[in-house]
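Below is one structure, written out as structure tokens; comments come after it.
Chain lettering (A, B, C and D) follows the sequence in which the chains are written, and residue indices restart at 1 in each chain.
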């Protein structure tokens, strides 16, 4: 080899080195310390005087609204903002991409959980429920509501709203054919009893230690009306409002009239639509903001403060500080990002494209904003999963289910390259296990198990398992018919991470270990329906949400759908019994929630060990700000934490309490 | 000047064409559509230009009006138009084809009627609209006035119920009527000269006769001079006072109509005449035709253009030298070596 | 849209002169096909732009043919540490004597701006060589070789030369553009061929038989044209069988494009048929008892072949542009296939426009080819039919 | 004449029906249904999607019935003037289309006007001065729009607008007017935002019209009535405008009908890139998310507009071309 060529290799090597070196220091100046607001439970710190937004006091003077003292519960929820007491008023400008993007609003303005988590997602805090207690074997949970707590229309919020939801909606089979399993243990649903107007009690047939956490997690299916009411869940509902659309309460003729006039397909559709906080301006809510202009007919999507919101700051100023949130429609992500770059948004991480970071930094001054990165704390922003229920091609299915094959592929992918190219070197090559901060962290060795790029080891493994034969172009041959072994790497378009492009690189890398992998981009729904039909060979995705692996289903089991997951969830009734390793993992996952805390932690660790060992999902890169981790914050926006959890469970930025954000004048 | 003798009466002709050359410069070579045509049109008389199609007679007409389109161009010669006796005559060939001067003459002093009654009118406008337009182009009159004039004209050319017809579209009229309308339009500015290019070719025999009568009677009334272009000796016999016979862009013979018909000099003219059916001829006798056909304009023969088809050609003479138009009798001219010797050097 | 019209039934004065000289009159078209082609050629030559375009297009198809030879880097090889290299200047002279070379690059990511920056290292001259060795490929799909038009003395060209720079995945743009020509120019052909068949067939039938069939086909055309094309594309594209590879999808796309593309052509053909049916010579042939097929092939076909050729040439660029549009919608060709559409899709984001604009150069060949095809088509159509 | 109109009308009805079937079929073509699409979207925005979701949703929307049943249901609804609810937006389809339809018209119209302003002069010139240098130059200008991929052009112009002119990014209104109700100010604001899309869209369409104009004019210029007119002594300019151009305009009118869907289709991509609140992006999104009633209704609307358009252009044609008028009279 010539000197020149050596030199080039040297450059590449330096490149690798520097990139490896960079990822620690790379962008560190954009990553702050975790911080956030504190929920005050100490009665002594309860403010005695209360103030309200000028916008509301005007209405009070006009007599359209009772004074703030009457609107707030007897014991309001006291919150210590992250930095300072804020100023009232202003518009929080954001961008959204369309009807499907109502989660944009649900995440930032939907804090109406029965219980809540602090910003670290470790401590359970009161919220709608002022207090709670569980019996020793975690089968009975008693919650007490706040006295004088009102819906946004001024109607008192009582135990009946919870009972109504539970009995008339949740347990109504026509309305909810498949209710959330989070309210059941071993397939048996809880019973709900109303002790008095301000006290309810959930009882389970078996211990359910995780229940409190379920009720407190912002993403929970059964604890947030604003976030989950639209699909019939949410944990409670405004009985007085919903009843007029419920056949058991409403007059049939009126109901039919409404159905006909609105073009609803049935009463279920009607109630679910009416119970959709993000879209129905008339729906009473407990959340800090309520919808003023629904997205459909209007070019802009506007939320307005809830005058009856239960939260106040430590000086007794009723929250939220910001009067209204205005989301403007961007039909295309490029437009949305360009607007953010132009400084047209006050605070946004949703849809912000990490790959445009250089552009964001370039225009930060002009746009008067700053960039904050929130590296993920779950395992992988990009992982390669092997469809375990794929069956169309026996030979390929065989290899996908072969542990050594999976390990070889995992080692054949160079995460460092992906990190450098697509995550600007901000992440690191790692497996799917969560980061060290996570309670279920299985230990350092598993962070890189089978993920460190090692072509030789990979080739060796493949040769050993009987894929040694290659064709003239160096591609390995199938064992059945001697044809080239060709696998399809299927990726969905239009996600926060550019999976299709990453797939191109991964496919090219796998060529290095003699595997002919064809990247295939699919329209998102097509990709979904293939997963639902077990037609995926290889695919790229992330495992966000697995910070609490027992609380997250989708990204934990994507690779096992549909047959094995059906088997798991139906307790073996339908689907297909998985092979031992998967079976073990699934049993752990199902039983986990019922275990006492410390045992659950152990189970969780074991689960992650199984994941790392068996490589059903091969981690490629993780702990990067790729997903919801790039925040554009206008410099006039106050109380925005330097760093937050980029995390589905806490409905980022939900658990940093946007109601405490404010706009400086 | 030669033409003098032809129209002996002495008073100068309205239009004199001298050695007119109009060539078309195409990629495939130059086509000499008109190659040195000379003749003149006396006032109040009818000159007939006759020849097979492709002999350049139509281009001659267009050249006079200066509306020969690219790639055609007048390369040489003059077209003298004498206006009122005191006014200075103009050479149309020198005028700017787009200019106002010539536009005033077009349709004003020289009008054109041509062979395509079907398509000579735009189907998008009523005939009235198109005639009124002409009138108002050349005379400063109001709409209503012009309209009345138009109705008058239509009546004059024998259109029944002109006040209704005026608002009809060309395609609503029969060919004959349309040709009458055409003539009406030509006359709308009572021109000095009317050029009629195959005015009757597209019409059936009876209509032909009517149209020709119309033309004659109008001429008699307006005393304008008519140049009638046709391939039909019959029409010539009926209409023309003087005749110009053209072949391949050149005038091969010219003279008063009866001279041409009874004492034709040029073999081509004789051939043409022979090909007219005669009532005196023996029944069912085969009609004689001219041998061969017009050569392709690109390879026009050397020497006398007609010699390849000429029965009396003299080799070494006719195929080398180009004959010039010379007097052959007191009132008749022909370009043929039967009547004069070639100039010294062969001219090409 | 070349509109159908019967040959002129008149001969205007100055035309009767010129026709014999220059134009092919309806009469002449009939007499001989040969002179018709000759005359077409004469008229075609007049359209200078069309002439130039013809050469441009030939050149492009040559590139498509020898794409791999003209490329010097494996168009699929990704490399993070060659991501987004700007086009690299070539130095032709070294100490006064001709020896084309470039400077080796040292790259890293700037920790403040997060851009990848590359510094040329003047001490490291990389000499360019012609017919150098590079990645292996099949020359014209015939035999394996690794010779490329340009390369480097020794070592690997794709690590050293970046004439047009590289894309985000560190792939050489020049090489990708070369290879893209192949697919993009082919997709046009395949698609047009298909719509040609459909168009001529349906248009012919409709024009020939008229009556009910005609109305039916005309309705069909009207309906097809009434439906915005994008839903059609999306519906059909999404309905493609799942186990299809890039190549099959690529053909499917052409089918889809032609399913929509045929209507125009059909209308042209129908028009010509209707016009020709009235022609005496067809009537004559019919009276003479000539078989219908024969009439169509011997007598009618020649007289509208030229039109079809023109129409086809005009359909081609539409196919190419449609392909890029489909790719934009994520329905068209997909990686690993390399087409102009795919390259443009890669460039379709603001960071490209702002930070790596050289990726936009993928649009240049598209523009040139589209224009060339259009001018060529116009030239041909003018030539085929002086009446437009 | 009347008989003709009636026949024409009946045919139109038939076509519209066919379109409705086709529209529905197209939307049903992709595998999966709205729920799969929706779930995929939720999953990709980080929501934990459990199997219960799908079950509940399908039941809610009655998507479990076969396609033809859904079609009949749709038809039956439409017959009662109810075009159904958008599954994705959870709102009556008509409310959704409402404003966007007018904005679409505004954009399309301005695009068409620009196209004509560009294409007609060039077309006329390049016919009258065929093969002249200027002919080539103008034709080139006219065709460049066809050749440059509109989506790229749109993106670049948008970025340049932001970087160097501080223009609003995308959309048809400035932020301050987003929420305002219609007022002269808002209209003016709209007008100020129209040129960019109009130019991008218009450029793309110009080539076609130039071609038609040029071809027809070349044709007309050779007709004898032009010579008659010349022989009258008209000035060339007036002459050409009054006679051949007038005749060459017919094809424009006859293609008027297809213009609208053509522009919509053509505009979808550009509207997306420029984030215009028009029908295009709505349709595109509805198709991707298989929001069948919304997509179906839009496609149906466009179809109907085309049919109406062709009908109108037929009538117009009869109005501007007397010959047709008379044929039809018989």
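Following the convention adopted for this analysis, contacts are C-beta pairs under 8 Å (C-beta built on N, C-alpha and C of every residue); 3 or more make two chains touch, one makes a residue touch a chain.
Note that the structure is predicted; figures quoted are calculated from it, not measured.
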Most distant chain from chain D, judged by the mean position of its C-alpha atoms: B
Result of counting contacting C-beta pairs for A-C and B-D, higher pair: A-C
Between chain A and chain B, centroid-to-centroid distance (C-alpha), Å: 93
Inter-chain centre distance, chain B versus chain D - centres from mean C-alpha coordinates, in Å: 55
Centre-of-Cα separation between chain C and chain A, whole angstrom: 46
Mean-CA-position distance for chain C and chain B (Å): 53
Touching two or more other chains - residues of chain A: 334, 338, 341, 494, 523, 526
Sequence positions of chain B contacting 2 or more other chains: 62, 114, 116, 119
Touching two or more other chains - residue numbers and ranges from chain C: 10, 12-14, 46, 238, 242, 348-350, 354
Chain A residues within the chain C interface of the complex: 1-2, 4-5, 7-8, 11-12, 14-16, 18-19, 22, 25-27, 29, 334, 337-338, 341, 355-359, 361-362, 392, 416-422, 424-425, 493-494, 500-501, 503-505, 507-509, 518-521, 523, 526, 530, 535
Interface residues, chain D side, partner chain C - complex: 11, 14-15, 18-19, 22-23, 25-27, 29-31, 131, 136, 139-140, 143-144, 146-149, 151-152, 155-156, 159, 163, 207-208, 211-212, 214-219, 222-224, 227, 251, 255, 258, 261, 264-265, 268-269, 283-284, 287-288, 295, 299, 302-303, 306-307, 310
In the complex, chain B residues that touch chain D: 62, 65, 67, 98, 102-108, 111-112, 114, 116, 119-124, 133-134, 137-138, 169, 171-172, 182, 185
Residue ranges of chain D in contact with chain B within the complex: 223-225, 227-236, 243, 246-247, 320-323, 326
In the complex with chain D, residue positions of chain A that touch it: 93, 98-101, 103, 176-181, 219, 221, 231-232, 260, 262-266, 268-269, 272-273, 276, 279, 293-297, 299-300, 302, 326, 328-332, 334-335, 338-339, 341-342, 344, 492, 494-496, 523-529, 532, 544-545, 551-555, 565-566, 569, 627-628, 648
